[in-house]
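In structure tokens below, several structures.
Next, two complexes with chain A in common: one pairs it with chain B, the other with chain C.
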Partner chain A sequence: MKIAILSGKGGTGKTLVSVNLAAVCDNSTYIDCDVEEPNGHIFFKPVINHESDIKILIPVCDNDKCNGCRKCVDFCNFNALAHIAGKLMVFEDICHSCGGCKLVCPEYAISEKEKTIGKIKIGVSEGTNVISGIMNTGEEAGVPIIDELLTREFNEDDNVFIDCPPGSSCAVMESIKDADYCILVTEPTILGLHDFKMVYELVTIFNKPYGVVLNKCTDEYNPTRQYCVEENINILMEIPYDNELGKLNSNGKVISRENERFKNMFGMLLEIVLQAVRK
Partner chain B sequence: MKKLLILSGKGGTGKTTLSSSFIRLSQSKAYADCDVDAPNLHLMVDKPSLTKRESFYGLPKAHIDKDMCIDCGLCFENCRFNAIDTAKGYNVDFYSCEGCGVCEYVCPVGAVTMGKAVAGNLLLYRDDKVFSTAKLSMGFGNSGMLVSEVKKQLDEEAVDAEFAIIDGSPGIGCPVIASISGVDMVLVVTEPSLSGISDMTRVIDTANGFMVNCAVCINKYDVNLENTEKIEIICAEKNIPMTGKIPFDAMVVGAVNKGIPITDIACPAGKAIRKVYQTTMKIFKINNQENQNE
Partner chain C sequence: MIVTMPVDGKAMSACINKSFGRTPYFLVYNTETQNKEFIENAAAKSQGGAGIQASQFVVDQKTEAVIVPMLGKNAADVLKGSGLKLYVASGCSIQDNIQALIDGKLETLTQIHAGFHNHGR
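Moving on to the complex of A and B:
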């Protein structure tokens, strides 16, 4: 079973919810797909038993063979190639690695080399498998790393929790593609609500079953709760704003391992989610 | 026009709260929201009237003509984005397709065409002020391209403005890199959590990689004083100026939900942001003078 945790807006508690659900669940695997700013490992501090680089292919031009026809330059929709002063220049950072330039070159002057854009780390933290993808700074896109994170084989009994990046762009879609259930985490602000509506639309379009966790709730006006009630959206749980929770979390602690109260809270959330998934 | 960009790495640390306050305090004539994945600034600032709404075309998307397709599989073999779905004949998975055109090129019977696709909207609000923003359609890439359009529109429309304030996106990838290009300074707003610190460091490395100066301010600094001290030490070591610390303030949520900048309300956070603003602008001006002297 794969459960994706997403939010649209950043900082609403995706990592809090995914880390703690994985921590209270048996046979669990936590996957951090927020490869631009991965934070799950800060909480789990896993003992790493595997680490590998993620590489993409980048064109290299043999300038002795190049006849300057510029077919590759014209073909490249990403503007990653330029022919200047008799030489082909490759702007590696914006190359999408489609391989088109190599295919169109009539002189077979283009070959490809590997370029490392990040890495994945696999480890264990008190019985929970922890898989993180980390994109190198300066890189444009982490989708190949997310692909690599999600192509792993899992047993049917494994419970996989996927911590998604913020937003609702290609990287988020990649992360929820194979999910059996989506948890949308949101907060009681109009900004949270605005971005919640985006991911709500996303999971609806992809026909994913979903439920909502309202985080940082207070007694004040909660526009997100109101919206969920009006739209008849399933609220799985409300997490109250809590100083102790905030403090432990800011110190990189897995709160459900630190405190019985939080352990029970996430245990309950897990039960609710599992029941919802079985439906 | 000099540009100040507000970033954070980690989401939810207060970029938009800070941007909207800076726009109010500076009475800026030009501002933009470069968080095209999840734009929020329009909810928090005075919007001039909407004067332009344009479709943004990202890269094209491939389409396979079923009648012409001879099931040779060359498109499938050559696509590096797993965008050819083979479940029922050969079809293009619209969202996985990155628009490179390889399938069109390799198809021996011309069954593949590349079609225009609307990847979002570019919006312009203006009267004597210019507000440039955009919204990327769900599930699309090309966010860097749309960010560049937002900035181009700001440049073209606000030619007389002395400076602009730009709200950025979380992360360190293509929209952030496109946002950083051509700005004069980045203000990183972070929070005193280990996640906030890790993400701040990564976004500073990214900005420095593009030779742009950073300054840092800490939001909700009193939630964890030890981590606040860690941030101050990291910034001192990296020689990055600290422009202030904003306390946790329950009034902020109320102001956000009213859609007004927190500096409009007499409260500790609003007061602290005024100070952050003054210090940031001082550094911003000194930086710009130094750049001009060079």
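Moving on to the complex of A and C:
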């Protein structure tokens, strides 16, 4: 079972929900797909047992073989190539590693080299498998790292919790694409609602079953709750704006491991989610 | 000398465009024959790498000089790689800039900005 946790806006509680669901679940794997700024490991403090580089392929041109036909330049949909003064220029940051330029070259002048863009770290924290992707500073696209994280072999009985990046871009789509269920975490702010609508649209387009966790709830006006009620969107749980929760969480603790009340809360959320997935 | 500049419209009364990669048109102007050609910029619609595609096009016009208000890093790499000269546009008028180029009054472009990458990515 793969459950993706996403939010649109950053800081609404994606990591709080995914870390604690994984922590209260037996046979669970937590995957941090927020590769630009992974933070799940701060809570889990896993014992790392595997670490490896993530590499992509970038074209290299043998300018002696190149006849200047520019089939590769014309083919590249991302404009990562230019043919100037008898030489092929490759813009590595723009290249999406599709390999098309190599295929269309009639002179076999293009080969590929590996470029390291980040790493993957795998560890264990009190029985929960913790997998994190980390993109190198200065790199622009995390999708190849997320792809690598999610194509690793899992135990089929494991429940996998995918902590998605914020936003609703390619990196988020890559993260939810194979998920069986999506949890949308949101907060009672105008900005939270605005970005919630974007991911709500996204999971609808992807035709994924979904439910909403309203985080940081108070007795005051909650625009996101109102929207969910009006649109008939399934609210899985409301997490209160709680002083103790905030303190534990900001000290890097897995709150469900520290406090029976939070353990029960996330145990209940897990049951609700698993029931919803089985439907 | 063939000089190219990004322009807002297809007339000499148009303004020099601020963006190089995503300008709607390029004016390719021959200072000897005064022959001029306004060409639509195909790169303007591209998802990303517009500066690179536009630069390739400009170089392919056998351009010897480019007049721009500003230029991103990738576009500058391509244009400089071809050996053509880069000048900073002075004001909006096409005619004034061409005259300033002929009179040797345009400054050489040295400041390159980081670019506005990742459109639509």
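In this text, the second predicted complex is superposed on the first by the 277 of 279 C-alpha atoms of A that agree within 3 Å, B and C clash if a C-alpha of one lies under 4 Å from a C-alpha of the other, contacts with A are read in each partner's own complex, and residues count from 1 in each chain.
Rule of thumb we're sticking to: contacts are C-beta pairs under 8 Å (C-beta built on N, C-alpha and C of every residue); 3 or more make two chains touch, one makes a residue touch a chain.
This structure is a prediction, so every number in the text was calculated from the model and none was measured.
Look at A:D62: by the touch rule set out above, it reaches neither chain B nor chain C. In the overlay built on the shared chain, the residue A:E140 is in contact with chain B and with chain C.
Look at A:N77: by the touch rule set out above, it reaches both chain B and chain C. By the touch criterion stated above, A:C170 is placed in contact with chain B and with chain C alike.
Comparing chain C and chain B on the residues of chain A they touch gives the larger count to B. By the touch criterion defined above, A:E201 reaches chain B but does not reach chain C.
Within the superposed three-chain model, A:M89 lies in touch with chain C and out of touch with chain B [touch as defined at top]. Looking at the shared chain after the overlay, A:S97 reaches chain B, while chain C stays out of its contact range.
Counting contacts by the rule stated earlier, residues 77-78, 93, 140-141, 169-170 of chain A appear in both its interface with chain B and its interface with chain C. Residues 8-12, 15, 34, 36-37, 39, 42, 75, 77-78, 93, 96-100, 103-104, 135, 137-143, 147, 165-173, 187-191, 194-195, 198, 201-202, 205, 218, 220-221, 223, 246-247, 249-252 of chain A touch chain B in their complex. The residues of chain C lying in touch with chain A in their complex are 43, 46-50, 52-53, 55-56, 59, 74, 77-78, 81-83, 117-118, 121. For chain A in complex with chain C, the residues that touch the partner chain are 73, 76-85, 87, 89, 91, 93-94, 140-141, 169-170. Residues of chain B touching chain A in their complex: 8-13, 16, 37-38, 40, 43-44, 59-60, 78, 80-82, 95, 98-102, 105-106, 136, 138-141, 143-144, 169-174, 176-177, 191-196, 198-199, 202, 205-206, 209, 223-224, 226-227, 250, 253-254, 256-257, 259.
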